[in-house]
Structures are given as structure tokens and as C-alpha cells.
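Each of the next two complexes has chain A plus one more chain, namely chain B in the first and chain C in the second.
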Partner chain A sequence: MKNEAIKELLYKMADDQLVLGHRNSEWNGLGPILEEDIAFSSMAQDKIGQSLEFYSILNEMGEKDPDTIAFTRKADKFKCCQYVEHPIGEYDFSLVRHFFFDYADYHRFELLKNSKVERIAMAAKKFQSESKYHIMHANAWMKQLGNSDVSIERMQNCLNEGIALALGIFEPSPMENVLIEEGVFEGEKKLSERWLSSIQSILSKTELSMPDISTAPINGGRQGKHTPHLQPLLDEMSEVFSIDPEAEW
Partner chain B sequence: MESLDPRVGRLGIPENWGTLEPKSNLDQLETFEVFSIMKENKPFTHVGIVHAPDEEMALVFAKEQYGRRDSTLAMCIANSSNVLVSPFTDNNQNLYDFLEPSKALEDSVSEYQVFHLYKRGKQHQHVGEAEGKGYEDALNRAKEQYDGSKPVLNIWLIKSEHLLSTDEEDAQIWATTPEKKFREATDYRAADKIKRFKQEKA
Partner chain C sequence: MYGGGNSFEDVYDKELKHEDPEQLAEFEARIERGEKIESTDWMPELYRTQLIRMIEQHAHSEIIGSLPEGTWITRAPGFKRKLALMAKVQDEVGHAQLLYAAAETLGKSREDMITDLINGKSKYSNIFNYPAFTWADSCFISWLVDAGAIVNQIANSKGSYAPYCRALERICAEEAFHLKYGHHCVIHLATGSPVQRQMMQEAVNRWWKPMVHFFGPPDKDSVHTRILMKWKVKMASNDECRNQFFDMYVPKIWELGLEIPDPNLKKDPETGIWNYSDPDWSEFKRVINGDGPCNKERLAVRRIAEERGLWVRQALKSPKATYTTPLA
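== the complex of A and B ==
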């Protein structure tokens, strides 16, 4: 029971990172300026690296090897939240998603640093150092575009439209109580509270207002229910791998 | 949205284009000079520039632009227009030997950070700070403190208040860089694999 609960946690974290890492890398070569292109691509690469680590832990727990897990599952086997699979849209959408998601990431790693599963605690400690930069980057952009007349309206729209999807990050898992009881992870509720307080604090430094957090979350991703956007992403991501799954790279 | 690609849009000559317009300025962002500490007990060294809309974003961009490969311990940035640049000397001449006593003293004292260039083609490095009533005065104070055995070919002065540095408490952002060798082309050892493949085929 405990192992199944841990696996579920690892799958959802790894799938989030893999899918959003892939999405954000779609900006590679298209970023608004060279410096931002490099920064955003680097952070996407961090996410892919984080997913690899979580898939590796799963592999040590008896699941298939990381490449097979990442590249051969169909969309309905993925446990990512629906927010990460949405297309990159315009830069405002991608930045707001980066802001919402990476704050959740940062606090998730903060909580997992105390996990009784040492392997997870070590990974979380390491990834939090990457995540720290990700939120510094997100903060700078939110302050930049949240205080400029030409962008406030667009950013506010993305916050308002993104909040239901962002709340879906914290969709509770059926086995979450086991994780909490066993000291593996303190749970999505606690995570979302910390997240909310960070989001409020950054937005208060801008002309943007808090989106309505009583909005019903868009859940389902954690149970394998996804938007039509996910399967095409997975097809493209695994296109080369699928030509010869046995190939050594 | 209309394409921004000049290859697509170049034939769009408007009707009645009539008068000729002056060419407008490029909407470039300002540039910021970036300095890094790469090793314990080493000074801040100039590593390059970034474009950015303000200081905070410049520091955020600098971190990935110049810190994504080489190990880094700290970084600071200054708007390029806040960097005061001395003339260059010929090799082996020491700029401090040509320094004249400052004539125009300002009313108030400012603190400047002093950067030396010791060799053409190398980067400026931080040597310390100097207070002065204006930059000329600060240069003379710098001469008293930092004129050593090596000739200084060029000097940069930046008011301390114009430098923005990464926080000690954020030091963790540099932690995983040494593990990112996968970002280097040299980390993908294709030649070995090709060699092995050929041997297997032979």
C-alpha cells in the first residue's frame, strides 16, 4: 500500500515535469529576446532532468526503465495535471503557467525535503535549488509585465483563465492519506496553502489582482483524464524513440 | 497575426506610400555588464553583457546566460551607462602613472567599485572599493590603495549603488550547475560509439 502510494506520487510529479518541460522547450528559438530564450530553455531542461530522476526512482522500485516509461505510455496512463499539457499559447499564457506551476513545484520540493523516504528527500533538496531560480525568474517577469500599462490586461486575463487549471495541480490523490501518515509527503492541501500565500505575495507587488480562488479546480489529470492536447505532444516527443525502441543512444 | 518574417512580408508595399520617412531607432533594450565570481576567494570578473529592461531582469538573465555552464558562486550587474571607463594604455604602461590630481571635487563623497584590466584580451576584475568626491578623486584614492606591481591597462569605476548583486541567501541557485555536463557537446561521446559500432561491423 505504501509503495503504491509512493509510486503514484512519483508518477504525477515526473509526468508534470516531463510534459511541461517538453511544452516549455517549444519556445526554444522563439523567445522574445535571446537572453530569455536561453533562460526559459534552460529551465525546461531542468524539468526534463527532474522527471528523469523521478522515473529512475520508480525504476528502482520495480517499474520499467525511464525511457520506456516516458516514451511508450499512452495519454490515459499519464498522471500529469491538465495545466501542463495545454499548448504554449502566447508568451503571456506560458509565463503565467510558469509562475503558477513553478511556485507549486518550489513548495512541493520544500515539503519533500523532509520526506521519510530518503531517496525522495535528496532529490527534492537538489531540485529545490533549481526551482529557486525558476521562481526568481517568474517573479521578475510578473513584476515587469504586471506593472506596465501595455501588459497588465493580458496578464490579468491569463491569471483569471489559468486559475482553475492551476488549482488542478493540487488534485488530491486517492492514496494521499497513506503518504501523510507515513511521513512521505504532507499532502496537496498543505501544499496549496503555501502556494497561495506566495502567489498573493508576488501579485501584491504588481497592479494585478488575485484571480478568484473559489473557482472550481479543473481536475482529472491525476486520474489519467486529459485534454486532447496531450496525446499529440506524446506522439511528437516519442517520434524518434519509436522508430527503434531498442536503439542505444 | 501578420508574419514578422521579412521573407514573407517584404513585398507588402503600401498603396500611396508617397513621402520618404527617416529610419527609426532600433527598440533595443539597455545593456548591463555582468561580473561573476567563479571560485572561492576569487574576485568578481567581467564575463559579458546582457540586454534587459531593468536591473532585476538583467540579473535573472545573467544567471542563465553566463552561469549555466561554468561553476559560479555569485554574480552582479551594472547598467553599462553607469560604468566609467578610463583610456587604454599601451602594453606595459601603467595607467596610474598618467593620473593627474583631481581638479573638480564634488561636494559629497561617493563609494566606487574599482575594476582593473591587466592584459589585453582578458577581462576586467574587481580589486576593491574607493571613496572619493567624484570619480577623479576616487581614481586617486584607488591609486593609493591598488597600484601594485602589475601595470594596469584600463580601469572601470562603478558607483557601489549602481551594482546589483545576487543574495547570499539565494546561493543555492548555483548548486547543480556542476552536474549539468549534459549541456556540453563534449559530454556526448559520439566518437566512441561510432568506433565501437564500426568494430562490431568489421
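== the complex of A and C ==
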């Protein structure tokens, strides 16, 4: 029971990082300034690296090897939240998603540093040191674009439209109680409270207002229910790998 | 990544008539002694304009060059390749950043350079106007186009303009990793399953001609670059770079069991010079003048990115925007 709950936690975290890392990498060549192509690539590399580590832990727990897990599953087997699946859109959409998601990441790693599963605690400690830079980046841009007349309206719209998806990050997993009882992870509710406090604090330094957090979250991702965007992303990701999954590439 | 060769235009002594003869003599003596020129030093106008032209083309080649490979990031087979390719392409964009900064020291802003790129006024390496159809194409680029770039860039890093040399030294160090990554990918394909081997051979067939073009037209047809060679702006001739590339990489390609689609490719053991078939220089000229398979697409992507990002750049210029101190 405990192992199954841990696997469920690892799958959702790994799938989140893989899919969002993939999306972030799509900014290559398209950023509003060169420095943002580079920044989104750095964050993408961190996220893909983090997903690899989580899949490796799963592999140690008896699951298939990371390449097979990542490159051969169908969308309904993925446990990522729906927010990460959405196409990159315009820069404002990607930036707001990065702001919302990476604060959740940062606090998730903070909580997991105390996990009784040592392997996860060690990974969380390392990943939080990476995530620290992601939130610094998000802060800098939210403050810049949240205080400039040219961009306030665009940013506010993205906050308002993104909040339901962002709340879906915290969709409780079916076996979450086991994780809490066993001291593996303190749970999505506690995570979302910490997240909310950080989001409010940053937005208060801008001319943006807090979006309506009583909005109903867009859930489903943690149970394998996804938007139509995920399967095409996975098809693209596995296009070469699936030519011969047994081959060395 | 960078394609040399075609970067220069005709340059004649008469363009120096308005320069002060004493200053010009001192400038040339410094270069002759092997000294480097800094942005604050006196330099002839022709030196400045030709350097801007060259460094700008190099920078454009880096960002345009990131496009054909970049499209394979989302399709790279497996974690190892995906992570390495992301880091590699990120390096290329970083090179563009360094090179635009080096060119800016000569007085042209990055914005003006990018505007000239998307309006088709300034050029970039011809090879990136060809499509990367398969994963093997992206592996060819990572190994052999980067290898060609290193040959050019190592030569240029010994040039006379200090800010460009400093950027190139760092770029060459990073390119060395790209080369290893690309070689590793090609080895796996060339020694892999029949499907993988075929994919790699087809990539070599597609890319060989653009690769020969990469170093520019033969010296006998090249423009007048005597002054630029004397000023150490242009450091090696097209034929020298091409021959060095053949010397270093043709044996490695053959070693992997791949065929090069040129029956006349052969080294003359006495002269050390490689003979090769005419790679259709008229095609090279056609592509450099905008009529290649991907010219329009490449510039369209860049133009769209500029247009979509305009609001962000405008917002950064707002007087109410706060300056964020860099971390380092």
C-alpha cells in the first residue's frame, strides 16, 4: 500500500516535470528576447533532469526503465496536471504558468525535504536548489510586466484565466492519506496554502490583482484525464524513439 | 555554428583614401606586431564596417542555426539525447548573445542587427537554409556542421579584434562538446540497426553538398580580400578551411562505413590537397541570395518571434519598470 502511494506521488511529479519541461523547450528560437530563449531552456533542462531522477527512483522500485516509461506510455497513463499540457501560447501565458507552477514546485520540494523516504528527501533537496532560481526568474518578470502599462492587462488576463488550471496542480491523489500517515509527503492541501501565500506576496508588489481563488479547480490530470493537447505532445516526443524502441539511439 | 567563406565583399585600397595616413600606418603596424585592437582604439572606418558585417553574420547564423536543430529537441529519442540537445541548442543561442554584444562594441545595436536580419539585408550561413528532415539530419548538423564551424572559428579567434576573439575562445570551447555529442549520435546511427544506418546514410547524401558549400566559393573565384587578410579580419582562405575539414573528417566518416556522395573525393598524397567534384556553385549563389529551400521559412519564424515578443520589449522600456539586479 505504502509503495503504491509513493509510486503514485513519483509518477505525478515526474510527469509534471517532463511535460512542462518539454513545453518550455518549445521556446527555443521564439523568445521575446534571446535571454528568454536561454532562460526557458535552462528551466526545461532542470525539469527534464528532475523527471529523469523521479523515473529512475520508480525504476528502482520495480517499474520499467525511464526511457520506456517516458517515451512509450499513452496519455491516459500520465498523471500530470492539465496545466502543463497546454501549448506555450503567447509569452504571457507561459510566464504566468511558470510563475504559478514553479512556486508549487518550490514548496513541494520544501515539504519533501522532510520526507521519511530518504531517496525522495535527497532529490527534493537538490531540486529545490534549482527551483530557487526558477522562482527568482518568475519574480523578476512578474514585477517587470506587472508594473508596466503596456503589459498589465495581458498579465491580469492570464492570471484570471490560469487560476483554475493552477488550482488543478493541487488535485489530491487517491492515496494521499497513506502518504500523510507514513510521513512521505504532507499533502496537497498544506502545499496549496504555502503556495497561495507566496503568490499573494509577489502579486502585492505589482499592479496586478489576485485572481479569484474560489474558482473551481480544473482537475482530472492526476487520474489520467487529460486535454486533447497531451497525446499529440507525446506522439511528437516519441516520434523517433518509437521507430525502434529496442535500438540504441 | 558558423559558415565563413561568403562573409566578405570586395574591398579596395581606394576606400581608405579619406583615412589619416599616419593613423592608418600606426594601426597596421600594431596588427603586424600581433597586437589586438580594442573597441576604444582608433580604427579605419572600413575595418569597423567589415567587422560589424562579419560578426553580425556570425551572430545571425547562431540564432538561425538553432532552428533546424531546435525542432528536434521535442523529438529527441530518449532522455540522454533530449537533455544534451537542449543544452547544445541553448549554447548556440548563447553564442548569438555573445556575438551581438561583440558587434555592439563597434556601434551597431542588437535591435538594428535583428531588423536587418529579418528584412533580408544581412546574411547568415547558407547551410541553415536546408531542411532537417530526420533525426539523422540533426545528428549530421551537430557533428559535421559544428566541426566545420570550429575550423572557421579557431582561425578567426586568432584575428585582430579583441572583443570578437574573446567571444570566439569561449564559443570554441563549447563547440568542442557539441562535436563530441554529434559524433556520438552519428556513431550510434551508423553502427545501429539497418533502419538507423539507412537514415544516417541518407542524411550524409542530403547534406554533403551544402557542407562543401559551407566554406564558401573556391579562392580563385573569391572576392578581393587582401586588405582584410592584412588586417587579420579574414584569417584563412575558403580553400584552406575546406581542405582542413576534409583532412580531419572525411576519414572519420568513411571509418563509420558511410559513403560520401562524391566519387572524385580523394586526397592527392603529394600536395596534401583534396580533390572534389564541383558542388554546383550556382546553387550556392541562388541560396545565399534568398532562393533556398528554407530561406523564407527561417526568416518568417524569426519575424514572427520578433512581432510576438514586441509587447514584452516595449514593456521593459516602460519608465515604471524596475531594474532587477543580475545575480552574478
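Keep this in mind: the second predicted complex is superposed on the first by the 248 of 249 C-alpha atoms of A that agree within 3 Å, B and C clash if a C-alpha of one lies under 4 Å from a C-alpha of the other, contacts with A are read in each partner's own complex, and residues count from 1 in each chain.
Operating definition for what follows: a contact is a pair of C-beta atoms (placed from the backbone, for glycine too) under 8 Å apart; a residue touches a chain by one contact, two chains touch by 3 or more.
Since the model is a prediction, treat every value here as computed from it, not as a measurement.
Of the two partner chains placed by superposition, chain B and chain C are both touched by A:Ala140.
Once the two complexes are overlaid on the shared chain, A:Pro32 sits against chain C while remaining clear of chain B. By the touch criterion stated above, A:Glu110 is placed in contact with neither chain B nor chain C. Of the two partner chains placed by superposition, A:Glu182 touches none, neither chain B nor chain C. In the superposition on chain A, contact of A:Gln45 is made with both chain B and chain C. Look at A:Glu130: by the touch rule set out above, it reaches chain B but stays clear of chain C.
Contacts of chain A with chain B, set against its contacts with chain C after fitting on chain A, overlap at residues 33-36, 38, 42, 45, 49, 133, 136, 140, 143-144, 248. By the touch rule above, chain A contacts chain B in their complex via residues 33-36, 38-39, 42-43, 45, 49, 126, 128-130, 132-133, 136-137, 140-141, 143-144, 248. By the touch criterion stated above, chain A contacts chain C in their complex at residues 22, 25-26, 28-38, 41-42, 44-45, 48-49, 52, 66-67, 70-71, 90-91, 133, 136, 140, 143-145, 147-151, 154, 233, 236-237, 239-241, 243-244, 247-249.
Remark: chain B residues 29, 50-54, 56-57, 60-61, 63-65, 68, 170, 172-176, 180, 182-183, 193 touch chain A in the complex.
Of all the residues in chain C, the ones that touch chain A in their complex are 63, 66-67, 70, 73-79, 81-83, 86-87, 89-90, 93-94, 96-97, 100, 135, 185, 188-189, 192-193, 195-196, 301-302, 304-305, 308-316, 318, 320-322, 324, 327.
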